[in-house]
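In the two assemblies presented below, subunit A is common to both, partnered first by subunit B and then by subunit C.
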Partner chain A sequence: MTPNNSSQPSQSASSKKVDHRGSLSSYQIYVLVVLSIIGAPLLNFPRFVATEAGADGVWLSVISGLLVTGFVFMVSKLCQRFTGQTFVQFIPEIFETKRMKWFGKGIASLIIIGFALYWMNQISFQVRLFSEATNTTLLPKTPIEVTIITLLLASTLASYSRPAVIGMLNELLFPIILIPFALQLYVVFKKGDWVHIFPLFQSDWKGLCKGILSNGLGFSGFEVLFLIMGYSQKVDHSSKVNTRAMLTAAILLSSTVIAQYFVFGVNALSKNLWSALDFYKEVRPELLVIERIEAFVLGIWVVIAFIAITNLQFVLVRTICEAFHVKEEQTKYVAWSLFPFFYGGAMVSENISDFFAKFQEHSYVGFIFSIVIPILLFLLAIIRRKRSSPKKKDQKGGENHHATST
Partner chain B sequence: MRHLPKVLIFMLIFPLLSGCWDRREIEDRSFVSAIAIDSAEEEGQAEISVQIPIPNKVTGGGSGGGGGDSADGKGPSGPFELLSGVGKTYTEAMHQIISSANDPLFFGNMQVIMISEEQAKKGIEPFMDALKRTSEVRRQLYPVVVKGKAKEALNIKVPSEEIPTNYIRGMLRSGTKNGIFTDVTFGQLLIDMEIPNCQFPVMNYLEPIEGGYKWDGVAVFNRDKMVGMIHGREDIAGVLQVRTNQRGHVVIAPRSDGAIAFHPYRSGRKIKVKPDGSIEIHIEVTGFIQEKTSKDDLSKVEVIQDVSNQVATIYQDRMKRLITRSQKELQADVLNLGKYVRAYQPKFYNSINWQEEYPNIRITTKYHVTIHRYGISSD
Partner chain C sequence: MKMRKLRFLRDQKRKKILEQQSKNKVEERSENKGISKNLDENLDFLKNVFGNSTDIITRTFAMKTPDHSTGAVIYIDEMVNKDITHNYILRPLMQEEIQDQTDIWKNVVQKLIEAGEVKEITKMKEVINGILSGDTIFLLEGTTRALVIGTKGWTTRSVGEPRAESVVRGPREGLSETSTFSLAMIRHRMKDPDLRIQSFVIGERTQTAVSLLYVEGLTNEQIVETARNRLKDIKIDGILETGYLEEYLQDQTWTPFPQIQNTERPDSVVAHLLEGRVAILVDGSPHALIAPAVFTQFYNSPEDYYERYLISSFLRLIRLFSFAIALLLPAFYIAFVSFHPELIPDQLSIAMAAGRASVPFPSIVEALLMEGSIEVLREASIRLPGPIGPTIGIVGGLVIGTSAVQAGLVSPAIVIVVGMTTISSYANPSYNAAISIRLLRFPLMIAASILGLFGIMIALMLMILHMVQIRSFGVPYMTPFAPLRWGAVRDAIVRVPWKYMNARPSFLKPQDRYRQKNLSSEEAVKTGRDASNDTK
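This part shows the complex of A and B:
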C-alpha cells in the first residue's frame, strides 16, 4: 500500500534536485484522485445540481460521472505515453518541432498558467465555501478571515511535503471520509421517499446539456492526475487505477445527489443552502451514540475540505516548482508565497450571493478548459506520434521505481 | 533556530484553533426547550414566547422543585422561565425576549414549536422562514397547533414531568413511533411547504387539558394557513396510512353479539395515477385481534376472513368520508396526493392548478386487511 521506496535524497539535498518518480503507489494515486474531487463543494453541490438541472439532475449525475470517467481514461492513456513525466514536462514535447522548440515551450507555458490559475481559483473558492459553511452553521461569531486563515495555514503547511508524504496522508484519511457516505444510506432508509425523485426526463436538450455540465463541475479536481501520474510507481496500470478512482468518486458524488433528492425532493433541495448538513439533521439516530449526527459529519467534513485543498495546493506548488526548476528545499517558499493569493481570492467576494455567482462562472470556465485542453493534447500526441523516447522509457521503466536523487 | 519558523507557525495556529469567538460555557446559555407563537392583540403582530428550563430548580423526581412557583397562576407553573415578546416579525419579537434574558438563547435543544390555532389560521410562513434560517434549530423537532393560546399551553402543570415540553415531546414521539399520530417534524413541514402548487402541510393538533394535553387529530393547511381539522382517531386513519405511511389506530368491528378490536401493526399503500389524473389507492393493513367480546370462533378461517372484510369495510367508509370532506369542505389535499400526480403524470399536473383542481379529482380507494393472529387465546 505504501511506496516501497520513498523519495529520500541519498545525500544532502542542499543543491540537488530530488526526483520524485515512483513516489506514489497505485492505491495512493487512487485515493489522491478521489479525495481531490470530493472536497468542500460537496456541501453545496446537490443544491447546485437541483437548481441547475432540476428534477433530471438525479440521473444526469450518473451520466456525468460516466462521461468524466471515460475522459479520465483518455487522460490516463495520454499520461501513459509519457511515462514518468508530469504534464509540465510532456506538454512542450507534444507541441515542439525540431526547428521551433520555443513554440512548444510557449504553448506549454500558456496551458500550465491556465491550469495554475484554475487551481488557484479552486483553492480560494473551496476555502471560502467551507468557511462560509462552518461560519453559518457552527461558528457564527468567528470572523470568516480567521476560519480561512486557519484552514489555509494548515493546508499550506502540508502542501509542500514530498509526494510520498501527501500520498500517505491521503491514504490515512481516506477511510474516515467514507463515514458520511455510509451514514447517507441510513438517512435515506429513514427519511427517503421514492416519489421525490420524479418526474424524470422533463428537460429539453439544452436543459440536459446544462444538467450534464453542472453535474460535471462536481468532478473538478481530477486534473491532479496530470501531475501525480508522473510520480506513479506503476504507470502500466494507471489507466485502470484512475478509472477506478473516477468511478469511486462518481459513485460517492452521485449517491450524495440522489440521496438528497430522495429526502428533500428537487424543490426543497434547491432552497437549502447547506443541504449536506440539513440532510443529516433529518434523522434522529436511535442506535448511534452521537445524538446530532450533523455535528459529527461536519467534523469529518473538516478533514475532507482540508485534504482536498491540500492536494490542490500540493499539485499547484509542484507544478510551479517543476516549471521554474525550483530546488526541493525551496518548495516551501513557493507554497508560502502563494498564501496571500489564496487568501485574497477567498476574500474577493463581498457576500455569499456574489461568491456563488463567481464560483459558478469561474468553475464553468475552468472545467471546460480542463476538458478541452487534454482532448487537444491527446489528439496531438496521437497525430504527432509523441511519446517518451524508448531510451527514456527504458531508463524510467514500466515500473517507475527510480526515486533517487539525480 | 532552524525550527523557529515552524514554531512560529504553530504558535499562530493554536490561538485560532480554539474558536474563541463562539466559545460559550454551558452555564452561560439559556436553553430554549419550546417556542410558542400566538397572534397578538394588535393587528398584524405576533407574540412569541420561549420556555427556558431552570436547571438548578429541576429536581429530577424529588420533592421541592418542579412547579408551584406561582400560587396566583400568573407565573410559570414549573422550574422554567417563560419569556415573551411582541412584534410584527419573529425577529422583532425575539429581540424583545433576548433583551430581557440574562444569557444568550440557545435553540439547539428546542423540542417543540407550538402555534396557536388563531395564528395558524392567519399564516405560519413568516415564522417558518425565520426558524429555517437559524442553523441551531433542529429539523427533528415537532411543530404542533394548539387549541387556545400557545403560551398558556406551555404553562400547563403536568404531574409526571417538571417541564411540560418534555411531556409533549414524549407524547408526540411515542405517538408517532406507534403510528397513531402523524409523523410531521419541522423538516417534513418545510419539505411539504416547498412542493409547487401542492402545499397542503398538516400538523398534529393538541388541546391543553387539566394536568396534560390531549391529542385531537391533525390541523390541515392550505399553503401556510390552517383551513380546518381532521378530528379524532377514526377519521385520521386515512391520513396516517396514505400520507405518512403509518398504521393508524385500533378499529372496533361490531359483531352481532359483541365486538372485536383489530390492532393494525403494519400498513402499506400503492398509489396509481392515471393519465386523466384520477387516483387509485390500494392499502394493505396487517394486524391482530387484540380483544373479542363476541362469541366468534376465531380459530375458523371463515370467521377470520369475515372479520377482515368487516375491518376493511370500516376503513373504506372512513376513507370515503375523509376524501369527501377534504374535497368538499376543506378543499385541501390532506393525503398529499398531488405529490404523486406531479411525479407520475407530470403533463396532467402541469396542465392544471392542483391547489384549485383538487376537489374535482376522482379518488378511489381499496383496502385489504389481513389478520395475522389473535393473541395467545386459541379462539
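This part shows the complex of A and C:
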C-alpha cells in the first residue's frame, strides 16, 4: 500500500555502495574550508598570539595567514594530481612500488592514523573550549558535562550525513557567522585605540619564528582539504578556490587579532582568558533589545562551534569509513562509536588552565605533523610522477545539483 | 580577446538552444501547416499536438449525404456550451439530409450549422487556437477547410473564492471539486498546446481521476517522470483528497515540513507550471498539488507577483519576520526568564519578574499552558460554524487570557508573547507550513527550558540540518540558498522587478529556460543568469 521506494532517492541511495565524487561545488568547498578553520581560534587565538608573539603578533598573524595560504595552495595542487580521490586513496599510491605494494599501504596507514589522532585532539579541544565559554557566559550553573554532551550529540548526529548535506549545511550557515565580524568593526570604532598596537618589532629572530608558528596554529583546520577535495565537482579550479578560502579565513582571524590588540593592547590581552567575550562587553548598544551583546555573539558562536566540530567529525568519520571500506548505511555506527573518545578527550583536563596547556602542546605536534607530511607527499608525488589515471578523472555529477535523482 | 571569444561561444550556445526549443514548440510546427484533405491525418495531427489530453473531445460521424461523407467535431470538454454543441451543431450535422453532393461544404455552412459565430479557416494553427479558446471545430473529409464555431461557455457557477488563499489584488476564482472544471480554469489561463494533462485512475474502489499537468518542452523531463512513476506506484483503495496523494508522493515521510505545495488558486497553478513545476489535480478536491516545492515557496503568496515589486518584497520580509517570531518567541521568553534575565534591559527584566511574582509555575509550564490553550481555541474556532468561530477566538483570547493573569496562573508577559506568536503564525500564506511551525515551537520551548539560549541554538542547528537533508522530487529543500543559486535568489526573500526575472528557476532545470525569447543575449544575461553558470 505504499509507493515503490525506487522512486525515492533518499531511501534507495543507502542500499548500495554510494559514490560521493562530485558531491561538493566549489562554493561549498570554499565555505567548508573557511568554517573548518575559524572555529575555536575565535575564542582563544588572539590571547594565544599575544602570549606567544607579544606586540608583533599583530603583523605576524598576517604573515602567518599568507604563509598558510601558500601552503594550502600546495595541498590543493597535490590533491589536484589525484582527481576524485581522497587522501586515504592517494597516499598509498604515492608510496607504493610495483614490488612492494604493502609498503605504500603501511606508510599510508601510519599517516592516516596520525591525521585521525590530530583531528580527534582538535575536536575534543574545540568541544571543551566552547563548552567552557558557554558555561562562563550563558549557563554558569549547568555542569560542563551537560554542555559537552549536548554539543557532541548534535555534531555527531550531523557528522554522518552525506557530503552533499554537509556542503549545504555549511553553505546555509556561512552568512550567519559573518555577523560577529561586522560587530567587531563597531567595537573597534567605539573603543579601539591605535596606540595599543605599539611598539612593534620587539622580537628577535627566534621570537619571530615562534610567533609565526603560534599564529599558524590558529589556521589549522585546512587539513580537511585532504578529504573533501575527493568530493569536489570542479577540481581544475580548486587551487584558486582553496586559496581564496584560506585567504578569507586568514583575513577574518587576523582582523579578530588586530581588533583585540586595538581594544585591549598586548598586556591586557595576554592576561585575559576570555578576551573574545570581554571584547564585546566593551560596548553596550543602547538601542537594542538585547542588553549584553557578548551573549548574542556567543549565540552565533554556538553555530560556529557546531559547524566547525561537525566538519572535523565528518572528515574523521569519512576517513575511517574509507580506510576500512565501511558501507554507507554503517557510517552512523562509526560516528557514534567515536563519541566516547571525544568526550573523554574533552574531559581529560581538570581545569581550564591545565586544559589549555595540554591541548596546545598536542596541537603544536599535530600542526607540525600536518605541515611536514603534505610537503613530503607533494615532493614525492612530483618526483615519482604520481597522478591519478585519466579514467578516475571523470567526475560523477554532484547529487545536490541535480534537479531530480530518481 | 579571451573574454570576447568566451562571449561569442556563449551566444552561439544560447542561439543553438533557442533554435532547438523553437523546433520543439508545437506552435511553431503548426505555423504553416494547412488542413489536409484526409480527415484521419488532421485528427492524428491534433492528437499528436495535444498529446492525447483527455479533455479534448473528438466526435467523428457519418453525415447524411449521398456518399455518407465523414465529418468530425472537436472541442474541449467543459470549455464549450454543450447545449449549442450538441443541439445546434452535432444534431443537424448528423441528422439533416443533404441532397446536393456537389457542394456539401456550402450546405453545411449555410444550412446546417445553427450557431451565430462561424468562421472558415485553412490553417491547423487556427484550428488549435479555436479549440483552446473554447470553440468547436468542424472538419470534413475531402476538404482543406474547417469551421470555427463560437461555442465558448465553460461553467462558472460552482466557482468560489479560495478561502485559504485570499488576496487583495488578484483573481477571485478558486479551483473546483470537479477536476474538469478546474482543468478548464487552467486551460482558460494557459492557451498553450504544450500544456499536457495526463490522467490516472487511482484508488481500487473509488477509481478517482487524478490529472498530472505539465508543460512539454518546458518542465524538466526527470521531474515529470518522477511524478508519473510515483503516481503509478500508488496502490490504495481510495483517494478522497490531495492530502492522500501528498504523503505518497513526498520524498521524506518523517518530517514536519511540507515537501509539496497545495493551492486552491488556478492562477497559482499556472504560475508554477510556467516556472517548470508539475501540478496534480484530484477529482473531488478543490486543491492542486505543486511539486517540486522548496522552503521559501511556502512563504510566497500569489499576490507577490501581482503587486509592485517593492510592496511584494516588503511583505515577504514581514512574513519572514513573522516566521521567526512564530517559531522562536516563546522559546526566547523561556530562555530569558529562566536562564538569562541579564540579557534583556534591566527595567524590562524587573517588570517581567514582577509579573511572574505570583505565578506558581516555572516559565515552561506557564508557556505550555498558554500555548496549549491557544491551540485548542484555534482548533475550536475552525471547527465551529462560521459566525460562532470568531466569537470563540475573541472570548478565548481576551476573557480567558485576562482571567488567567488575574488568577495568577500566568504572567502578563506570556499573554503578550502567545498573542504575538499566534498572530505571526497567521501571517504565513501556506496553511500546512504554518502548522509545521506550530509543531516545531514546542521542541524549541523544551530545549530553551533545559539549556536556555544554548539549547535554542542547538535545536535550531538540528532543525536546519534536517531541512538540508530534505528533497522534493530530487530538488534540495533549501534551494536557492543551499545549494546556492544566485539566479533564483532574486525571487526568494525579496522579489526583483519582473523584467529582471527572465530566467525560470534554474534549480528546476527547465528545458525552456527563458520567459522572453526575443531578448538579445546581453539583455538575457542582465535579466536572468544562465542556469549553467548559476553555481557560484
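Keep this in mind: the second predicted complex is superposed on the first by the 371 of 406 C-alpha atoms of A that agree within 3 Å, B and C clash if a C-alpha of one lies under 4 Å from a C-alpha of the other, contacts with A are read in each partner's own complex, and residues count from 1 in each chain.
Simple rule for what comes next: a residue touches a chain if its C-beta (ideal position, glycine included) is under 8 Å from a C-beta of that chain, and two chains touch if they have at least 3 such contacts.
As the structure is a prediction and not an experimental result, all values here were calculated from the model.
When both complexes are overlaid on chain A, the residue A:T142 reaches subunit B and subunit C alike. In the overlay built on the shared chain, the residue A:T243 is in contact with neither subunit B nor subunit C. Once chain A of one complex is fitted onto chain A of the other, the partner contacts of A:A268 are limited to subunit B, with no touch recorded for subunit C. When the shared chain is aligned, subunit B and subunit C each come close enough to touch A:L157.
A count of residues in subunit A touched by subunit B and by subunit C gives the higher number to C.
When the shared chain is aligned, no partner comes close enough to touch A:T51: not subunit B, not subunit C. Looking at the shared chain after the overlay, A:E282 reaches subunit B, while subunit C stays out of its contact range. In the superposition on chain A, A:Q28 contacts subunit C only, with no contact to subunit B. For the contact definition in use here, the residues of subunit A common to its subunit B contact set and its subunit C contact set are 138-139, 142, 146, 150, 154, 157, 292.
Contacts from subunit B toward subunit A in the complex involve residues 9, 12-13, 16-17, 19, 21-22, 108, 135, 138-140, 185, 187, 190-191, 194-196, 339-340, 342-344, 346. Across the complex, subunit A meets subunit B through its residues 136-143, 146, 149-150, 153-154, 157, 191, 195-196, 198-199, 202, 264-265, 267-268, 271, 274, 278, 281-284, 292.
By the touch criterion given at the top, residues 1-4, 7-10, 25-28, 134, 138-139, 142, 146-147, 150-151, 154, 157-158, 161, 165, 167-169, 171-173, 289-292, 295-296, 298-299, 302-303, 306-307, 400-406 of subunit A touch subunit C in their complex.
Subunit C makes touch with subunit A in their complex at residues 220, 222-223, 225-226, 229-230, 233-236, 248-249, 251-252, 292, 339-340, 342-346, 451-458, 461-462, 464-465, 468-469, 471, 473-476, 478, 481-484, 507-509, 535-536.
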